[in-house]
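Both complexes below contain chain A, partnered by chain B and then by chain C.
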Partner chain A sequence: MATIKTMKKNAVTAPLSEISVLGWIRKNLFSSVLNTLLTFVTVYIIYTTLKGVWSWGIVDAVWVAENRRECFAINVDGACWAGVIAWLDNIFYGRYPREELWRINLGIFFLFMWMVPLWLPRVKAKISIGMTTVFLYPFLGGYLFAGGEKGIFMQVMLTAAVVCLLVNTIHSIIGVFSGRSLPEFFASLSNKKNICEKTQRNIFFGFLAILFVLIYVWQMSWNVERVPWTKWGGLFLTLVIAGIGIASALPGGIVLALGRRSRMPVIRVFSTAFIELFRSVPIITVLFMATTMFPLFMPQGFVLNKLVQVIIAVCLFNAAYMAETVRGGLQTIPQGQFEGAHTIGLGYWQTMGLVVMPQALKHMIPNIVGNFITVLKDTTLVSIIGLFDVLGMLRSIGKDLPWLGLHIEPLVFGAILFFLICFTMSKYSRHLEAKLSTNHHN
Partner chain B sequence: MAVSNNSKESAHIRPKEQFDFLHDERVRSVFYQLLTVAAVGLAGWYLISNTAQNLEARGMQTGFGFLKVAAGFDSYFKLIPNEAGVGTYGRIFIIGILNTLYVSFLAIIASTILGFFIGVLRLSNNWLVSKVALAYVEIFRNTPFLIQVVFWYIGVFSLLPKVRSSIDLSGGAELLLLNNRGLYMPWPILGDLFWMTGAALVIAIIAVVILKRWAHKRQDKTGKIFPTFIPSVAFLILLPGTVYVMTGMPLGWDLPKLEGFNFTGGATLPPSFVTLLVALSIYHASYTAEMVRAGILSVNRGQYDAAHSIGLRQGRVMSLVIIPQAMPAIVPPMISNWMSTIKNSSLAIAIGYPDLVSLFMQTSLNQAGYAIELVGMTMAFYMVVSLLISWLLNIYNERVQLVER
Partner chain C sequence: MKLSTLLTSVVAFAVMAAPAVASTGDTLDIVKKRGHLRCQVGTPSGGFYNLDADGNWYGLDVAVCQAVTAAIFGDKKKMEIQSVSSQARFTALANGESDLLCRTATWTISRDTQLGLDFVTPNFYDGQGFTVLKESGITSALQLKGAKVCVTTGTTSELNLADFSRAHDLNISAVTFEDWNVRDDTYLKGGCDAVTIDKSSLAANIVSFPNPADHMILPETISKEPLGPAVRHGDSQWADIVRWSLFAMINAEELGVTSANVDDMRANSKNIDVRRMLGVEGNIHEGLGLSKDWAYNIIKQVGNYGENYEKYIGSGEGALGIQRKGTLNELWTNGGLMYSPPMR
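Moving on to the complex of A and B:
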């Protein structure tokens, strides 16, 4: 028999096992005999591991010492971080002249300034900012790092880069405060309303031209000292190689991926062969190929230095990997998008550039970040062929006379360093994946 | 456009396509392809002619004749006998390939097992266990493999005790001994009649397969489950065991014995081998674990509920419903992971394990020159392996697709 209650019944509070800490512990750690056992075993393992690491790395560790012997004199059981601390500059900058370190820091700061607007929500024209980072920043950074006499080409590109950086920064500051782009801002300065786009653009280009001339004249008056590549090293060198690798891999990868999906058989075969060749061999063999065979490929009397050889090898290798990432991204684009673009009369490049790539790139960003992590990790291999990248530097600590035999601490430090960089990036890529995801099912 | 006004014919007449030479897609396609061929050909010709000039100028020889020349060095770890000054470079190539495949094969097995284990832990409903598994995965995936290899070598396997105070992994039985010269273990000595035990094992395996098929068919027909596990295990142990005893136990063990300053007898794996094996297994297990986790999570929640609701036990839910559906998502990335295991074994060069790259691309190249041939052969080996593995992957994908509806 059914009964109907007309009075409202008070809601029952959730059972204690669902809301209290104890309930959570019971549910997640001690839900069954096996689980309880597992929890205790795990706690024991964590305890012993952490205790060992803690006492070795923190409690018994020696932070200040002149050399390894002194480390031992203070405490034999602990880590000798003093060696790592003494070498910290070398780990980060290699043997770059100490009085010139500001150039590296400045170059990295410029890169940072250039790229920060990409993350600011109100700034417009992000694609241009991104493109200039890839195509103009290398000249600014490259000149700061390498220095020396500037040729006419370098002068022009350097000026363009500085102009771009300035305009970028002004544009972003204005964007953050007013939500407008720089040309729009110029237009609003004059009191006339409704200035057409063409005039806006002309004013903007005029501004750029004036700036360009001013900076060109100014840059002729200064020079920075030349630092040969053999002095480059440490994390700086790792980042340079990985950065160039990833920046060139993206355009290269896009071209190769389009080639692999092309309807023209010859182009398809060449692209596929290139991609498969580089993807199937270990990177160390590519590096060996670069150092042993590239000198043979060059015309007589033309010598490539080892850094350039390595960078070319890394670029070729990464382009092949990036091609597969791009291809994966292209495959997520439904056929209807291609057909739609054809229907409204777009050609191949317009279809790809305006319709397909923007959508595909969005899908690819997490994978590109993943790729960057791989590149960064793989760059440590250049230490095998004799470049002093961060791992090369870490391993030479143990060969330095005062710190002879100090191997483990530098390696642990390197592992932590890479972990911090890579873990942050992978977390960020997962965050991006969630943010960019537009499929709303499940 | 020549569209006729005649209504009778209009259905048959199509506007004649105007052939515009410059804007025709086919013409352009051929043109671009010719351009590509020309560009690649020119670049190739340029590189080859430069190389030829350089080789001539440096007086370097080319050709594969050097493979028959005796190499002046020997690998300290090898699976086939070789002698410095007698064995040829061709033999060194084979030794390198075998060493690479040997360590990779063991690492693939170990990393797959460990990876499945960690992946299952990652899905455990015990919060602590799943977080520890997560920490494992994140730590090993986010540090460079090279640092890990070097760390295992310098930080662990070089610090092992000397021969006299070896660590006994078998708990006092002195069977598995680990010291700074490597891992010492017993090695079987096969007697004359041992092949009969082997044959018995093969027969037992075939019998078990037949039994399983029969049980499966019977279940399809009658719905009754025939317990196959205990009979299979019993059969697999009893048949070879009986044959082994009847033929007079034709298997001896060569045990490692301490003689003088070193162990003799048994088999030895050098520290570099053990290091590489451990490092590869641990590193790639972290990738496998994520694949296993993703694969199992990719199975729809409804499948669990449905399987439970028709009354299957937890074990059968996993083995009959979840795992078969998760496998198509797990296996392809796992096979690629095997390929990267083989490729990553080339980092042996950092710790001096004589794999193909270190023997052939480094030592042989320094001793004999022939850069192009050596680099080409080494790369060709990896490409062949990669082709084989993608072939395997294709076979698997085809089979899975047939099952899928």
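Moving on to the complex of A and C:
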């Protein structure tokens, strides 16, 4: 009979060449003569590039000057950031009247207030918050940005938006501190326990109604001067166009994708034709069609709002692209899911809304966000048809007499701006992916 | 390149279709009813139409827009400047989007007769020229034999350069660029011996170079570029208003009326021409359908032609610095082409 004796062997730490920094460097950078050579060449290239950029953009740069001549006089080799700084208002807000800029800032602040709860983990009813952002915020933002006389419809929607913003904010504050929703919170204020859902809802609606009447009366006294769209511009205009394009692309894309997979021939043919038509022409052609050709078919003197034309064109174009992304997502869902949903008696919309879409959308997040980033970047094309979006403004700096010929600095600034925005979006998409991941990895 | 061809054909079709749409509407009535003038310019161009850091438009062409506005409303601010891409410029005028176009567009017979628009009268006489380095020793365009010349592609400048080279047997090789910034950078780095484009733009370029004194514009002018406002074809009264608003500015300079002395002139001048123009005597305003003080408003609020030239194009502070003396843009009394028919 053999006995096996186990003996504990002392653990040995990994060899230094595997874990130390020097070991890593040796392994990855200097493992052979060729690699060593490549490393030195690469380091040299990076060093000279960075050094050049650094000395042009920072060390030799001129930050304060009256005009470009003065920049040249101070340091002819450096960047002339003074021109960009002088134009910052134009770059961000376009030709918007300078004394009215608070309206844009306030509008953007409200948008943040509206959307911050979406990021807070303890807040409930995120779907309603998201939906109201898409459907009600445009009225509040639109009134702040455009101003002027408001009709009865506008007054009602504006009031609804303000009520919604207030309720959202209160709801989120309560949510953060107590983890409850607003109706639950109202119920908990009274001493009775276990108030049924219906009563909760009635109290909540009563509260909404009172708030609505109060705000409606208050908003009648609001009066902001009308700012025509021709004065909109800069990053603000870019974000307005891209924002509306992004907000409408997903719903539009879902509808078109479902239409394309529909069993009803008219809907299917129409959706397919629409998608293929818009996908087979460049966006700049669509923009030119919308702004140049379209007015020709209208009666003389009938002048459409060019901004609205552009926004409609951007929305249609992006819906078509998004439709194909969504269709791709739908095709990842196995047939069994549809069949399973049918077996338990779900109809078409329930199958789509409760079973298929939630899974499909999750798969599509990287593509959807990629699409959104493309929308934002494509928006700069409107500068070609004469709107002063952020790129249009950046290019105008070099034509302004004091800054004649200044073209590299504005574009570098624009590149940094776009990188910041797009990088934030893509980081957020990674965050969403991680959060929504249910770890169904096979 | 394919895309731009497509766009050009789309726009060409649009423009051909346009005259059918344009009608003999009463532009003046429409403008008055609307309460403001819609004046079309292009994407900013040094000296002619620029945005400043506060988002306001200024420049020699913008001044024409302001003059027409002041003549109609007595307030030069009652206008909206529309910035339209060059592909869509004539369509936007033809379909009634703009009331008036003033954006360094060259007056040619094909444009005047085939695009459903009428050029009014030039407000600036430009022409294509060459910039060279002073140290190159070149003093005449005829010395550019075998030279490399930087030019923006797809422009008439490129065609004019080829014609010039052939006519004088110079064998110039054109280096073409899509973007004028890149063109200038190439020239500055020695990639070509000269740059060619309209002289006003050459002047603007030189001002933007690090050492303007090292460069010079050659004396030859190889093309005619009369730039001026244009209106929709078929509304003569409207064309008259725009034409005489510009003539009022030129006439005022000839008569020595400026924005500074116009009040004094209106009150005290004995000169019958001045009195007629400023509406003290006579009734020249009636035919235009404007108020008696239309020309006074132009000069008071916008200034005469010379004032505006100096402010934006000439030697004024921060202006482009193009010498007016000896050019076509001088008054006819000084040997130029700026000439207003009599206002009587």
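Throughout what follows, the second predicted complex is superposed on the first by the 421 of 442 C-alpha atoms of A that agree within 3 Å, B and C clash if a C-alpha of one lies under 4 Å from a C-alpha of the other, contacts with A are read in each partner's own complex, and residues count from 1 in each chain.
By definition in this document, contacts are C-beta pairs under 8 Å (C-beta built on N, C-alpha and C of every residue); 3 or more make two chains touch, one makes a residue touch a chain.
In this text, all values refer to a predicted model and were calculated from it rather than measured experimentally.
Upon superposition of the two complexes on chain A, a steric clash is found between chain B and chain C. Looking at the shared chain after the overlay, A:E184 reaches neither chain B nor chain C. Contacts of A:R95 after superposition: chain C is touched, whereas chain B is not reached.
When the two structures are aligned on the shared chain, A:H407 is found in touch with chain B and with chain C. By the document's definition of touching, of the two partners only chain C reaches A:K399; chain B does not. Contacts of A:N28 after superposition on the shared chain: chain B is touched, whereas chain C is not. Contacts of A:V76 after superposition: chain C is touched, whereas chain B is not reached. Contacts of A:A415 after superposition on the shared chain: chain B is touched, whereas chain C is not. When the two complexes are overlaid on their common chain A, residue A:R68 makes contact with chain C while staying clear of chain B.
Put simply, chain A uses residues 282, 284-285, 288-289, 292-293, 295-296, 298, 300, 383-384, 395, 407-408 to touch chain B in one complex and chain C in the other. On the chain C side of its complex with chain A, the touching residues are 3, 6-7, 10-11, 14, 17-18, 21-23, 25, 30, 43-47, 50-56, 80, 82-85, 87-88, 91-92, 95-97, 181, 184, 204-205, 207-210, 312, 318-320.
The touching residues of chain A, counted against chain C in their complex, run 67-68, 72, 76, 86-87, 89-90, 94-96, 98, 228, 230-231, 233, 282, 284-285, 288-289, 291-293, 295-296, 298, 300-303, 383-386, 388, 392-393, 395-396, 398-402, 404-408. Taken in their complex, chain A has these residues touching chain B: 28-29, 31, 35, 38-39, 42-43, 45-46, 263-267, 270, 276-277, 279-285, 288-289, 292-293, 295-300, 373, 376-378, 380-381, 383-384, 391, 395, 407-408, 411-412, 414-415, 418-419, 422-423, 426. Taken together, the chain B residues at the contact with chain A in this complex read 29, 32-33, 36-37, 40, 47, 50-51, 53-55, 57, 124-129, 132, 138-139, 141-148, 150-151, 154-155, 339, 343-344, 346-347, 349-350, 357, 361-362, 365, 371-372, 375, 378-379, 382-383, 385-387.
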